[in-house]
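Both complexes shown next keep chain A, but they swap its partner, so chain B is in the first and chain C is in the second.
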Partner chain A sequence: MSFIKLGLTEMKKLFQQPEIYIALFLCTVYYYLGLRDTGDSFNPTSGLWRAMLDAVPWFGFWMIAVLVVIGSAKCLPIEREQEMNELLLTYKKGQVQLLMVKQAVMFIYCAIIVSYFYLVSFFTLVSKYSISGAFNQIKVNPPVYFINANPDWTFAQLLLFQFGYMVLASYIFSLCILALSFFIKRSVFIMMIAGSVFALEELYDKYLCYYTGSMKLDVYLRNIYDYGFNGMLGHQYLEGLSPFSEGEIYILFMVFALLLFAFNLAIGRWRRYASVGN
Partner chain B sequence: MEQNKNFEDKLEALLQTYPLPKIHEGDKQETIDVLKTYMPIRRERTIVLMKELIWKAFIDLLWHYKRQLCMTILLMFFIYTVLPLTMEKWLFFIFTSPLPILVIGWHFMNEQTEDMVELECTYKYSFQQILFSKIVAMTISSIVIYTCTVFYMILIHHVELSLSIFRIASLGLTPILLFSLTLLFLSVRYRDVLSWTVIILIWIFFVLLSISTSVGTVLLSINYLVYFVINVVLLALLVYRLVRVWGMERLPYEFH
Partner chain C sequence: MLLWEIKKLAKNRWNLFLFAALMSFWGIRLYFAAQKGADRFFMTSISFWHLIGSLMIGFMILFVNTRLFFWDEEEKVKEAILATKSGKARLFLFRMLANALYTTGIAILFLFIQVLGFFIFNRYENLSITFIVECLESFPYVWAGSVLFSVFAACVCTVFQSHMVAAVLCGILFGTTYLLRGNLLQPYSLEWFLEKGFFSYFIRAKDIVLDSQFMVLMIWYGIFLASVLVLTITLQIRRHEL
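Up next, the complex of A and B:
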């Protein structure tokens, strides 16, 4: 019961940040603008569902990443910035439980953010396409970013798969930002580092790669992009070069998430002992 | 009656016996000086004070952020020189126009800690007047830098001073005015560097979105008169907000 209570308090603390609402408003506007030319209006078969599947790996994951960065950057430093750190050391349940709750709350936050953007794309695209065709097989109008997907799957199945994939990928990204928070004191610098790395990689993929294409450096940069957070959120793990099947990707991401979860707990515990002088 | 008169005479005789203290000329002057400090101070004309403060803020801005400004300007000119003249280049040109205000604005918000604001409150000028002058100085600096970049583009690409240049100039001015207004709003309402970082982050992703999707093409294809009207509205709003800030007794939302 205390676990749920603590979770609700942490959730309240997270959603009281005004920056999240500033970002949510602007990202929604941008997502809406970007969605206007998504999808193939000449082939309207299951057009709505195909456009929804294509929008996320094209540019939808940027909006999700921005909100994950903003939400995660302040999650741990919030107590330190409000000078509550010493008071928290007196918390009878201990730092570990608090960290567990914070990480669980971040999972819920990621799921909410991903669901929100799926809803935005649904309501934006429903005016352009017919709602029918969710249970058609994807081979009738194959989505651009799922070249390896089983053609017998239906659009609803693939959409559910993509939703789960995005929640897991964004949660891994969020856990990495939480890990960064143990080493950087101010939330603004955490946000700047995480956001800049993500944005620079995207700038490389969308623009700079045309200029570095002939250099040997491009091979390394491409690998960093493909196997980094950008590739993870941008569905690069599901493309032709990936040695994993769809099911294996889920297991791989879950293992990643669990390892990061445990790593953060260990670091948090160690830092607590360090702060009390043991 | 007789008794009262006698008493008054006695009292007068007694007071006459008291020695009068001798007042030195130096003490008189000191008293005058002390009293003068309580006199109302002669107030300068508002417009003169505004000019003086803006000039001071401008010098302060150039001195304190010289490194950041130099790096930003060099980066901007490097991008313009290296990239070929394509649509993306025009987009980069427009999107990098508020770069000075974004960089200086971040430092400006970062310095507005509780201690710093308390210190600024002890200055000769009010906190609102300092805020006003800083925002005006930042906006003017950005516009000056932007104008220089427009001339640079004309110089390197031999672009005629035609309607397209006017359109590009109007387009780049819009983000500068928009960010000045946002900075002013955030400085008054919500004084936290985190909010400005969020704005910068979202601006970067807007640039990416414009390059990757048709949003950029749409932005460039809109008639320049629309941007001209938007700029006029933004400028009017900025002036209105600045005048309000100048006239404020105190900021409505104090420190967190």
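Up next, the complex of A and C:
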């Protein structure tokens, strides 16, 4: 089976999971309600594109994270849960190719999820804001989360940059969850562990930091948040204190993703031998 | 049969992990609060169920209790279990009872952790009696909310025959309100139901009693849970599982 055909089969398998649609429905409802009710807090004079730029790091990244966690948690254990593991070990092109395809499929999955939430933002906010201004320079009305951005960029350019950033950030998150899947058998526990880590970091940011604020411990916890998955998805890497420029962040994320990709292949090979007792 | 089911729940390895996590978080919170004066310490102590307690009980129900209703499928013994001599309906009833009893046990243990934390970190006088009274006043609502949520999660797991679906559906409905609560509330709107109608609000100590729409919420919970139970039983009868 060719690489593409195998990819399509894996994609079909992933998109047949009912959990993804349940979560997609609930997340869409929450995201829509959030944008509808508090979308006015974005500057109403700034136009649709500026509002869309602020919506994803505001709370859209939680919805993206939920979907990424569920998809990634299901990706590897599907065969194991259907007791197909032994059969897969006889796959003539080898486990490495299968693993490469699965990781490629996760990239496409992340891109689809991020695009979906951009579409939801667009269709929700289009009734409130003027659609014009996509090619205005951002220095006229700079978005909150892009302090280091080049002021000569247009809103359309920045939106494209943000889309790429979100796809890469969610893909890195997804690769980490795939790495976790090599050590935990059941998808539900992978999902709950990854989800709990993400949720606890958010709870730290929202509530717990008020209690640890006076201690040195808070510096470490804050760094874990800022440079962890939450900070990555929540645009902390792009804020004023970040030492990286836009271009550097893309390179950094690509290096992260490649390293994780290779790490997962190595772990996958090792775990395969472990699973057959070799 | 009841003891056997409870034993299955108690042997789950996640119990220890979640209890350890709860004690660590609660200890850290009280330690920092104790340094900021008596009022802050007291407010933090009685707010146990508003965040850490209710969240952990939600995790416990989803990680441990709900798994009981998917166990047979997971262990590939469903057909054998359904051939039970004592009757399928009795088995389901006992599982629900075990689920409720175990949740009661967890809620009592959590209350114990709340009180223990208070007495370990308390450096101020005259707080103890007020604290104990607050705890005892809140506990019935916490207990009722926890048991109802465990029944709801069990029903969802039984209907979908998937632990993952139950965790996703109940987890999002239960948990998102911790992140989104605040300025979205318009009484009887969809946001209002999403915020208050899916058990996490019930477990947040006395919040539900102090709510001006308390009776409406009680009616909603009654109708909602009854409908879910009827749906579960109907589906199980159709699948010849009852």
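Note that in this section the second predicted complex is superposed on the first by the 264 of 278 C-alpha atoms of A that agree within 3 Å, B and C clash if a C-alpha of one lies under 4 Å from a C-alpha of the other, contacts with A are read in each partner's own complex, and residues count from 1 in each chain.
In this section, a residue touches a chain if its C-beta (ideal position, glycine included) is under 8 Å from a C-beta of that chain, and two chains touch if they have at least 3 such contacts.
Note that the coordinates shown come from a computational prediction; the quantities given were computed from them, not determined experimentally.
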(request) Determine, for the superposed arrangement built on chain A, whether chain B and chain C clash or fit. (result) clash
(message) Between chain B and chain C, whom does A:Leu208 touch in the aligned arrangement: first, second, both, or neither?
(response) second
(request) Report for A:Trp58: first if it touches chain B alone, second if chain C alone, otherwise both or neither. (result) first
(request) Quick one: classify A:Gly247 as touching chain B (first), chain C (second), both or neither. (result) neither
(request) Can you tell which stretch of chain C bumps into chain B once we superpose, 26-34, 116-124 or 134-142? (result) 134-142
(message) Using the superposition on chain A as set up above, list the residues of chain A that contact both chain B and chain C.
(response) 18-19, 22-23, 26-27, 30, 33-34, 37, 59, 62, 66, 70, 74, 187-188, 191-192, 195, 199, 202-203, 206-207
(request) Give every residue of chain C touching chain A within the complex, in rising order. (result) 25, 28-29, 32-33, 35, 44, 51, 55, 59, 62-63, 74, 160, 162-165, 167-169, 171-173, 175-176, 178-180, 183-184, 190-191, 194
(message) List the residues on chain A that touch chain C in their complex, please.
(response) 18-19, 22-23, 26-27, 29-30, 33-34, 37-38, 59, 62, 66, 70, 73-74, 186-189, 191-192, 195-196, 199, 202-203, 206-208, 211-212, 214-215
(message) Going by the contact rule set out above, which residues of chain A touch chain B in the complex?
(response) 18-19, 22-23, 26-27, 30, 33-34, 36-37, 58-59, 62-63, 66, 69-70, 74, 187-188, 191-192, 195, 199, 202-203, 206-207
(message) If we count contacts the way the header does, which residues on chain B are in touch with chain A in the complex?
(response) 88, 110, 190, 193-195, 197-199, 201-202, 204-206, 208-209, 211-215, 218
